[in-house]
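Below is one structure. I have some questions about it.
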Amino acid sequence: MIAAAWVALFLPLAAAVAVAVAGQAISRRAAGWLATAAVAGSFVASLIVLAEMLSRSASERSQTSVAWSWLTAGQLNIDLSILVDPLSVLMMLVVSGVGALIVGYSIGYMDGDDEERRFFAYMAFFVFSMLLLVQGGNLLLLLAGWGLVGLSSYLLIGFWHHRPAAVAAAKKAFVMNAFGDATFALSLFLLIQKTGALDYASVFTQAARLSDTVLTLVALGLLGGAVAKSAQLPLHTWLPDAMEGPTPVSALIHAATMVTAGVYLLVRTHPLLELAPEVQDTAAALGTATVLAAGLVALVQTDIKRVIAYSTMSQIGYMFLAAGLGAYAGAMFHLMTHAFFKALMFLAAGVVIHALAGEQDMRRMGGLARLLPKTCAAFLVGSLALVGLPPFAGFFSKDPVVAAALARGGYLGDALFSAALAGVFLTGLYAFRMVFLVFSGEPSPFVRERLHHDHGEGPRVMLGPVGALALLSVAGGWLQARYGEHGWGAVSTWLQPVAEPVVEATAGQEIVVSVLGAASGLAGLAVAWWIYGARRAPAPRPLPALERKLFFDEAYDALFYWPAAATARALYAAVEEPLVAGSIEGISAGVRRLGQATRALQTGLVRTYALVIAASLAVLTVVLVAVR
Amino acid sequence: MTAPLVASSAGDVLVWVVWVAAAFACVASGVAVISFRNPFYSALALIGNLASLAVLYLLLAAELVAAAQVLVYAGAVVVMFLFVIAYLGGQADAPWAGGPNVQKLASVLASAAILAEIVAALALKAGDRLSRAAQVSSAFGSPRRIGQLFLTDHLLAFEITSVVLLVAAVGGVVLGSHARRVDEGEEG
Amino acid sequence: MGQGAWITDGLVLLPLAGALLCWLSPLPRVAVGVVALALSLGEVALWAGALARVDFSQGLTVQLEERAEWFGDLGISYHVGLTGFSVWLVGLTAVAMAAGVGYALWAGRERARAYFGLMLFLTAATVGVFVAQDYLLFYVFWEAMLIPLYVLVGVWGGPDRLAATLKLVIYTMAGSLLMLAAIIVLGLQNGTFDMVESPPSSSVWLFLGFAAAFAVKAPLFPFHGWLPDAYRQAPPEVAGILSGIVSKAAAYGFLAIAILRFQGHTVRDVQEAVLALGAIGLVYGSLLAFRAPDARGVVAYSSLAQLGLITLGLFALNLAGFNGAVLQMVNHGLISTALFLLCGVVEQRAGSGHFSLLGGMARGRPALATLVMTTGVIALAVPGSTAFAGEFLILTGVFDQGYGWAIVGAGAMVLAAMYMLRLISAILHEGPRSAGATRGPDLRLGELGVLVPLLACLLVLSAWPAAVTSHTFGQTKETPALAKGGR
Amino acid sequence: MAGPDPTWYLALAGFLFTIGALGVLLRRSPLIVLLSLELMLNGANLALIAFARHLGDEDGQVFALAVMAVAASEVVVGLGLIVAMARRRLALDVDEMRSLRG
Amino acid sequence: MAVALATPPVDWLALSPALVLLGASSVALLAAVLLPPARRRPVAATVTALAFAGALACASLLLDRSPRAEPVIAGAVVRDRFGALAAAIVAGAGLLSVGVSYGRRFRKHNAEYYGLLAASAAGMAFLVTADNLMAIFLGLEWLSIALYVLCALDVDLRGSLEAGLKYLIVGGFGSAFLLFGFALVYGATGELGLPAIAEAVSARGLEGDALLVAGLGMVLAGLGFKASAAPFHMWTPDVYEGAPTPVTGFMSAATKTVAVVLAMRLLATAFPAQAELWTWAVAGLVVASLAVGNLAALVQRNLKRMLAYSSVSHAGFLLMGVAANSALGAKALLYYLIPYSAMSIGAFAVVAARERELARPVTLDNVAGLGWERPLHGVALWAFMLGLAGMPLTGGFVGKFYVLSAVYNRGWIWLVIVGLAATAVSLYYYLGVVRAIYMQTPGELGIAPAGGSPPRDLALDAAILLCLAVTVASFFAVEPIIDLAGKASAALPL
């Protein structure tokens, strides 16, 4: 079992290295297939792990394997190890499965780009990093994977490096993630200081004896990392910009896998977080706030990918909510279904963009339903799943999250619950605004002019993954359909040994939520139809605050970038030039001036020389006689 | 002895008179050496100075030195001076002319300071043994005694003195030689 | 003397003999370079031999030592030997110098005999610094490093090389002379200049004397006035060596002398002050690197920042800090050398390292792009890289001395991301801003042959940073600095 | 033979020495400078002889004779230099010798 | 009345270095008169070189055969290893100087040049063994008079006569003070012999005697003058610049050696009771020399002048050994003199070579590119500059280290700091030379490189090579040299 897990981990890395080293020795298409095969191989290996795990009893499913000591210092010893347990297997399956589909899709999508090999190397490297993140046997390796997915994300967002916007977006993503990495690392330092270890078992067993302050600080640090990585408020601004990357990248990294790593982290470290309930509440609150804020901003975006991006933020908000509430299975389940339907939406959007030769502005689209029927169907499936209408996947995964908020009770629980419901309404609204804008009505003149009729909706290699994901978006939710004690809950049961839930909704609460949730979603859908589908009402003018994405970018510029740049300039002008460089020059000029003065004494007049001798002698003798 | 200014005998008075005269001549001629515009007169003043010193040497029982002073110094060295001065013609400068004023002022100050120090050092010592001269025999400072010393205790100094003179002679010849002698037939 | 002493001698004498060979033999130009490269690689092999012989469980004990009287009346001897941590720095030197020589051979240098001779001489001197076990011998090697550097920068450097070299030499010498004063006092007080035999000193003044030399050479924050010019004007491989190896000599000095040869309480008296300098340097260097207008400027100031970080690790005064610092010394040595060589490669193509003339070099140059990107991301200590491992340990160590230091350090990681990405983008991304940036070819075989091994070292270390950290100090707590200080 | 005690001679010697020094410091003609040097050496000689008398030790007189020879040697070389200068039409003024300075 | 003269026994070996040189001097002077012009220079040079080698051999023999210090020839000189080693250094310096001089052709007086060189060296070899005030004074005048003439010898060279006359006037002035100081010392103690002075002082309780101390002050000034220590150094730059370059090299090495060795012997032997006074006074001279020498050298363009100021600063370093007033100090001094002499002569030798090539004064501008044009000269000059700056791999480093150690042991850490600060300043100009010869090209400065290549001057190159060898070897082979210096300094009552 462990061997398969190691294979799963390193197969994509091997592919990445192979593609990078082989260079032009292999064709572009071969590079694509190599990467796809490797990721698919990982998936297969993950399935083997799953199968073996299923054959064991629930309590024996967790296993650690050490390759070698990765980092040591005195008593501190951090191994290069992997941990295979139900949680990581779930993530491995999602990552490698969805990953394989998307990488395969990319073969078609990226066809013709002159740096395809680099793309596939990066993609494979990303999958490796993500697997390292989820498989890593201790917090440091998790952080390593954490950083490496950030790196892959940077590389892939900036893949089209000749576009200034892409480069800027890539840098922004990396730097904001570096903030998260920093807080993450700080909490690790604290843990090392207090527990002397970083592997999960030692940390969790020792956590109970740590002081509240320490636990809160550790949990805050972890939350900081999670928030940055998962683009939650307030460290979310990089995600919309990240849409500058190729669409498969958006699908894989910025929807299905990497951005949900924060959720994985919260679930993985739940024993710590549970000891710092304030931080857990904070996570839930941040998640909910993100649900609303991202939903609102999504309403006014015109770029199809940005709408989906905001929707991703919003959905991850639900996962944070769930993780914060302690409904870990809910969070993970939503993570999984979200991976399916959001990847589906991105890939479908990718087909649209591909068909329109790179156009992403929804205002110029319209009427594509007739021209791209399969895509339209897929997108519709994705949207329905997103909104959470039965029987699509989102329905089964989102409702338990909202129900958990209800189950938590108290003012906070109620507030979270209401906001979550409102979020569902917003989801319906923006999702179907998008659907209607893009697909309904008559094809716009722009579309007629630009649409490539010759290759239909795209090659089979692209449509295949779309179909598979659509299927998953429909059926994926049925893994778990549970109302209290009734129904079945494959995911909950599976995760039970790893992450015991803190709250569990009753059957009644579940039912209420299902009804209300579906209704809110439908309401949103209806409003969208009213305005954008049937065009019965004029589209309201978007609020400037929403158009400007709630001024976060401006605020960060003012708070961080400009101060840093200004400080650097000021330091250069006030310290580096005058003090550091100036001091040398000043001293050397001073010494030279002294030298000139000394030189001036050497008049060339021999009488002066004699005089100096006489005078010095007089002084010398006086002093000697005086002090004798 | 305890009161040096009180002469105890006529001989002492005579010695004092001679001393005062010689000392005055010595200082006066010394000042003259550095005051004349013309080096020629300065050189002549130096002869006077050397002569007065010879007198003082005699008072100090240094007969051979006094003789040498007159013969070698005044007779040979200063005459050489005079020859050179005559050869070069009367080039003269005013004693206080030229050079920065600071130089003059400082020169005087420095000289005065050195003099003051010497005198002060002597004064610090004067009450002590320095005011007494040793009792010496009449042979003290005689050519014979000095000659003996030069061949015994100061044999090496004697020899070295001759070497120094030799080197100086060679140097003088090398520097002063007028011949257009060109070694090794190289370009002139 | 000790078993295997020949290998330590050899590490110093091989390059020295090579230098003499280069200077005195009438070899033709290319042959000299090849001989120098062969000798540099031989040095690497010799180091590997030494590595295999060092007993790391006794990491602080001097091993493979050789000792011969030099001037016995003052108790000064030629005493060399390796310790668990110095052996890594020797290795770094051997590898980076080999890369430098290789690069120079590829790039072609005027007056090859003089040049390669000086490079080998520099190797010998630097290795000497790391193996010297006598204070005066240490000083001798320390100064001997400066001599070839002076000429290497001054003769083969850029247009403003003269002012740069003068600053470099005078400034560093001013620091070194204070160290000499400290050495004289220490040695004469003890009656021996032997590092091993001398009892740990407890004088803060002596500490400051040593620290002055190390702080200038490293450089630490206010003492880096020579740095920007020297790093900009030196030939790329020399700049790489200067920032990669020579600065490590200073960090090594901090560890091997200023910390391990002083009483724990003395070091702790000044600990806060040095930590503050390190932290200021870290932030300051990062900020200025973020502002620098050219590639070398970024690397230069980042080097200042990194040395600040290493200093933080050293003065954490615990094993995590020490191990992290040693690891980071090796990392930064390799990174900095590689980055400066890349700067050289880029400058050679674009004609300038100024950002306003670069850009777009990724297009059509996959090898260059890959190397710049990989080196760059390792340099910014992306988690999972060996540089990250080093930083992590350093900050773990310094965290013990106060949360603030680690918070500053973690903040600097963000700044590092900012300036390194700026550098990468300015070279590789967007459109080319000059004809040179458009036309220059991708990396040639020779350049790859130099850069890839450096990068390979970094990648191997990334996979196994414990290769260094498990093989430095052992589990010892016997050092004076550790006795009452860290955990 | 009594008379002024050695202190008087020594004071006189100091005077003479100082006069000579003043001459070196003030005069520009190299000839007079050489003469002034002679005055200084004579001042020293007087001191030597006075001390010899005071101590009753003839070594001082021997020293004075040696000094005389040395003085003569210096004069020879000095005059040689002055003659060489004059022959090259160089001004006989020590203040004019300023080509070497700084 | 016939007096049986008890002529003192003469220890010929003790005088042999001086006598050999004196003999060579006579032969050279005879050659100047007797030989045809074309053969004068080679014969005189060969004879002088052989004499220097002979003197070196004699000094070595003396060094070997004089385990105990003993006064000879009625106490005029002392036969000891201290003097023998110093004489050996002088002889070595002279030998090197002959090599440097050989290629230099004066318009006339070629043979006399060597004669005077040998004569002044003889004076030096004598002076370092002199043990009473009279012998010291005579020895000083001996070598000085010869040097006055040597400086002025090249009457065609601009400044040569000026240098000679300046040296003579200031030198005469200085020796007059020295003499007056000797007179005062003699008057205070009644003794001329150095050990006798110390005995008289301790026997009669003259430690604080005003005359003695005033005399000591004047003696210090006179010695400082000869060693060109500031503030008695002012003749040095002018004379060094004006004198023929080989002479300058010889003076900078040999004269300084003699002056500091003499100072060490004189002060340690005759004035142990006043050590507290003169060590501080010498320390004052050290500080002044370091400050003035280094600061003034900083702004020089003319290489000879720069080296002159550098020699002033080295007087400071050398006098540190004296100021330490300890066996270590004397040892340090003797050690330091060996590489210092080699470096100094070597540096002037390279300047001389360039001067002959360009036929004009050597400045920092016109040595540009020298290092590449003339590899041996370049490397050598580089080594000499580093050595003078006290960088490792040259004996200059070890020497500086030793004198600094000596003053530290004296308890003067402040002087150590001053010395090191001076070293830092000095780097600027020493490295400026390296910079000029390697890092600037004639083209950059708008100066055409000298046309053609000069005739090979084997003697000069050999001298430079020898200097280089000594400079470097004295770094590696410290132990034997320092042993020798230690044995030599044991002769002094420290």
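Structure notes:
Chains here go by letter, A, B, C, D and E, matching the order in which they are written, and residues are numbered from 1 within each.
One rule holds for everything that comes next: contacts are C-beta pairs under 8 Å (C-beta built on N, C-alpha and C of every residue); 3 or more make two chains touch, one makes a residue touch a chain.
What you are looking at is a predicted structure, and each value in this text was computed from that prediction instead of being measured.
Common neighbours of chain B and chain D under the contact definition above: A, E. Contact tally for C-E versus A-B: the pair with more C-beta pairs in contact is C-E. Core chain by CA centroid proximity to the global CA centroid: C. Chain B and chain C have CA centres that are 71 Å apart.
Between chain D and chain E the centroid-to-centroid distance comes to 26 Å (mean Cα coordinates, whole Å).
Inter-chain centre distance (chain C to chain D, centres taken as mean C-alpha positions): 65 Å. Rounded to a whole number, the gap between the C-alpha centres of chain A and chain D is 97 angstrom. Residue positions 134, 138, 141, 145, 148-149, 152, 155, 164-166, 169, 173, 180, 184, 187, 210, 213-214, 237-238, 300, 428 of chain E each touch two or more of the other chains. Listed for chain D are residues 10, 17, 20-21, 24-26, 28, 34, 50, 54-55, 57, 59, 62-63, 66, 70, 73-74, 77, 80-82, 84, 94-95, 97, 99-102, each touching two or more other chains.
Residues of chain C in contact with two or more other chains: 170.
Interfaces, counted as pairs of touching chains, are A-B, A-C, A-D, A-E, B-D, B-E, C-E, D-E.
Of all residues in chain D, only 21, 24-26, 28, 94-95, 97-102 touch chain A in the complex they form.
The touching residues of chain C, counted against chain E in their complex, run 69-74, 111, 136, 139-141, 143-144, 146-147, 150-151, 154-155, 161-162, 165-166, 169-170, 173-174, 177-178, 180-181, 184-185, 187-188. Those residues of chain D lying in contact with chain E across their complex are 10, 13, 17, 20-21, 24, 30, 33-34, 37, 40-41, 43-44, 47-48, 50-51, 54-55, 57, 59-60, 62-63, 66-67, 70, 73-74, 77-78, 80-82, 84-85, 88, 90, 94, 97, 99-102.
For chain E in complex with chain D, the residues that touch the partner chain are 133-134, 137-138, 141, 145, 148-149, 152, 155, 158-159, 161-166, 168-169, 172-173, 176, 179-180, 182-184, 186-187, 190, 192, 237-239, 241-242, 300, 305.
By the touch criterion stated above, chain A contacts chain B in their complex at residues 605, 607-608, 611, 614-615, 617-618, 621-622, 625.
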